[in-house]
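Please go over the structures that come below.
First chain A sits with chain B, and in the next complex the same chain sits with chain C.
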Partner chain A sequence: MRFYEHEAKTLLGRQGLPLPKSGNAKTPEEAEQIAGQIAGTVVLKSQVLSGGRMKAGGIRFAGSPQEARREAGAILALAINGQRPRSVLVEAKAPVRKEFYAGVIYDALAKRPVLIFSDMGGIDIEQVAEQHPEHVARAHFSVLEPFSDYQAKNVVASLGITGNQLSRLTPILTRLVRLFLQYNLTLAEINPLCELEDGNFLCLDCHLDMEEEARDRHTRLLQELGVGREETRQARPPTPFEIRGAQVDALDNKGVAGHVIEFDGDLGLIIGAGGGSLTLLDAVRKHGGRPANYCEIGGNPSVRKACELTKLILSKPGVEKIAVMMNVVSNTRVDIMARGVIKGVIEAGYQPKDKITFFRIPGSWEDEGARILRKYGVEYGDRSVSMDEAARRAVVNMRGR
Partner chain B sequence: MPMFIRVEVDPSVARRADLAKKLVEVCPVDIFAQNADQSLRIVEDNLDECVLCDLCIQACPAGTVKITKLYEQA
Partner chain C sequence: MSVLIDGSTTFIIQGITGREAVNMTRECKDYGAKVVGGVTPGRKGRDVYGVPVYDTVRQITDQMRVDGAVVSVPPGFAKDAALEAIDAGIKLVVIVTERIPRGEVAEILEFAKLRGSRVIGPNCLGLISPGKSKMGGIGGTAEGTRKAFVAGSIGVMSRSGGMTTEICNTLSAAGLGISTAVSIGGDPIIGSTYAELMPLFEADSQTKAIVVYSEPGGPYEAQLAAYLTHRKSRLPVVAFMAGRFMDEMPGMRFGHAGTIVEGRADTSTEKIRLMQQAGITVAESIESIPSLIQERLSR
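Let's turn to the complex of A and B:
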């Protein structure tokens, strides 16, 4: 779940991180008023969740409150990547001497968060890491133990930074890590983190993403920020297909059958279970298949949910067949899944043996599931069929039958 | 219409309010409900949700509740 920049900066401010004087304006008149209070040149920033604001004309400068009003009007009327701005952030323009980068993300391979720091800010950190790896410092840390200034100082000092810069950057990085942990963030990024002419530092732009599953832990915070429960807060708005997927998942509280993301392929996927979805999606692509969607199903969804998800995927234009595949760690009951999917196919007006290219669900009640699949003539595999092999057979059957 | 599961309850059980209530309580997927007169009603829409836990069979006198897996029939 992504925060708008002004919301993210509210969180940074609560953690004591240094920010420019600013205000969030919903109208040009408010922007004029805020610019008048700031006094001096201001930066006006479109509040959209999409990137590429500068290139699209969503970030502008104004030397007077009247100019701020005009520019805010232009920004509010400008859609960026299909998104209408929610408001305009009006900030004091800062006299920047040097730009840095500070970020915290999860390192999935190390299974720990990692603090990343660079003395080359203002550009994509991926680009810096590729072209100037000597300007990027990293340090993994524990989510269980308190993060200390000492750890942050080591990261900054590893790039040869000393003296006043080191002293001032250290608490900023420490507070960023604490913010990351306190709010269950998956990304906390300040870029650029600027050193001003007077030696002070300011967080000029930031990007915070909260773990979707952590929203219920932070209901009070989200209420304070005005984030509604219905807001998905993704980089692009959900498609009608994806909205319907969320509705299927909300049918009851049993298991998961949703989190659907659509692609333009012809093979519908009913996949899931603890990382299995992405692995299987990749395996299907590796074998030349064209996935029509990504989804997550598992945790013993009701037959009704599995049925509705199946119907939804089959209703997507371009979907010719579906493959049902899950990871062995799911422990989802095979017979319940088989009932749901077969019912969905039949209710959509098809024969299961014609529409299901391959059915791999290792899990509990495998024998019972196999009986159901045999009854309907569906080709299936249990845990003895690897995920890669299941994906291969799904793609071969898709093309061959 | 259920495709996978059929549940049959002996009329002598279905008429008894105490057993009907017990069936409503034990079924984890709401296959049973009670009519206004407290007799038993089977919720057809929920039959395929049956998880084959057999709690309904255990809740009633032997042989009075029968679960049939329709997919095992020829």
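Let's turn to the complex of A and C:
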């Protein structure tokens, strides 16, 4: 879950990291007021979760409060990569002498976090690592032993940095590491981390991602920042269909029947589990099918959840039929899935045999499941029908049987 | 032979009185696994399908040999449970729990390395050596497990628990069978990666070939490719890559927590390229895997 820049800077501030004077404006009037308080030239920054703000015109400068008001208005009206800005961050413009980079991420191979530092900030760190590897320093660190200043100092000094720069940078890097660990972040990046004309340092831009799995451990913090539970903060905001999918999944705590992601096709998919869904969606597309959605079922969901999910998918504009398919299941019960889906189709006002192109879930209670489906005239595939073949039949049956 | 577990492996189940763990206990016992105890704090003295319940791991390890532990507790307690098992000297810890934050997984793995324990998972269904034992919910009921997992010569490693069963069912139906199948877990950081398990399969005389189920996201497929490039393995590897459609949707999360695609190296296209370059046969469908293996074995 990515934080907006102004939220991320609130977290940096709490850890004692140096930041420019700033305020978050929701309207041009607020921007004018904040610029007046800051005095001098200000930078106005569009608060979107997308990169490329500078190029898109989402970062502007203003020499007076009146100008700040005008520029803020322009930024607030400008969508960047399809995202409308939440607000405009108004910051004092700083006289920069040199730009650095500091970041912390997990290294899945080392299975540890790694602190990354460069004296070439302001650009993409991957680009620096590729073109100027001698300007990038890295150090993995333990999550069991305490992190101490000397580790940060070693990283900075390894690039040949000494004097005032070394003493100022060391505690900044240490605090970034603490922030990363304290808030279950998966990425904590300050870029650029700037040295000013007077030798002081400021964090001018930053990117913080909190792990999805850790959100419920930081409910108070997220509440303080105004981050809503329903905000997924993924590459694009959730659609109303996706939000309703999450509500279906929250009906009870039995299994999973949700995590729907919207596509624009005509074949509704009730598929599972995690890996099975990925495999089946690929297979449907390979056979020329046009999926209306992605979803995940697993962990033996209740009849109610399977029923509501079915109704939700059938209610999506453009959906003509649905296919119900999973890998060989261990704990999800085939009969419960069959009951839930058939109930959903009937409650939505249709005949199961008209709406379900194919049903392929082999595994526990499959005989009972097959019996139920037979009763309603729905074609059932057991484990002798491969996932690929099931997807093919689902697509073929779209054209009517 | 087999890998990691065999008929003599003794293990405990942590969180044994939980709904899922109760089923798992019955299923493992029915399959013939040696489940010697369970732990749920405050429930000492009860039993789950004849398996005695204790308050602490030490209460069990003090009185008998325990080879493994299955951690099946809610995510908020999983780190502690895993550390407790490792500290008690248990050498194989299978973490079934989903949604453990990465920082805590890193803590568990660092401690495990320090103490010489191996971790499988998190976010996995465990492992099975057909006909000998299974540890975790893999395959479900004993009856379902026997149907999908027949003993044979193929080692299986999979990031998806459900797809482990699907693939093994396909291999069993084709008459190849399974030596050991490991559901390695769907998280961004896991205890045992494909490349880390390869030497175990190479040392196992029963195993003749490897099947890998992979997904976009993370560096573990690239790690396997690098392993096979730098070291001639006696085992041919056939891989299946799911989630190819995700390449068109960077930054979205599908399936397991590990699948978020963050850079070019994480995409299915790039992983397929790396794996093929390393001599791995990449299957276009699950059903085609058995014939691809036969072809590799007859070369």
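Please note the rule applied: the second predicted complex is superposed on the first by the 238 of 401 C-alpha atoms of A that agree within 3 Å, B and C clash if a C-alpha of one lies under 4 Å from a C-alpha of the other, contacts with A are read in each partner's own complex, and residues count from 1 in each chain.
Methods note: a residue touches a chain if its C-beta (ideal position, glycine included) is under 8 Å from a C-beta of that chain, and two chains touch if they have at least 3 such contacts.
Note that the structure is a prediction, hence the values are computed from the model and not measured.
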Which of chain B and chain C A:K375 touches, first, second, both or neither: first
A:E389 touches, of chain B and chain C: first, second, both or neither? second
Partner chain(s) touched by A:L109 [first = chain B, second = chain C, both, neither]: second
Touching partner for A:K55 - first (chain B), second (chain C), both, neither: neither
Dominant contact partner of chain A by residue count, chain C or chain B: C
Touching partner for A:I336 - first (chain B), second (chain C), both, neither: first
First, second, both or neither for A:R229, with chain B first and chain C second: neither
First, second, both or neither for A:I346, with chain B first and chain C second: first
Touching both chain C and chain B, counted on chain A across the two superposed complexes: none
Residue numbers on chain C that touch chain A, as the complex places them: 20, 23, 75-76, 99-103, 105-107, 109-111, 114, 125, 137-141, 144-145, 147-148, 158-163, 165-166, 169-170, 173, 186, 188-189, 213, 215, 218-220, 223, 240, 242-246, 249-257, 259, 263, 285-287
Residues on chain B engaged by chain A in the complex (per definition of touch): 3-4, 29, 48-49, 51-52, 69, 71-72
Residues of chain A touching chain C in the complex: 106, 108-109, 111-113, 126, 142-144, 181, 184, 186, 211-214, 217, 234-236, 261, 272-279, 281-283, 285, 294, 296, 298-299, 326-331, 362-364, 383-384, 386-389
Contacting residues of chain A [partner chain B, same complex]: 302-304, 333, 335-336, 339, 342-343, 346, 368, 371-372, 375-376
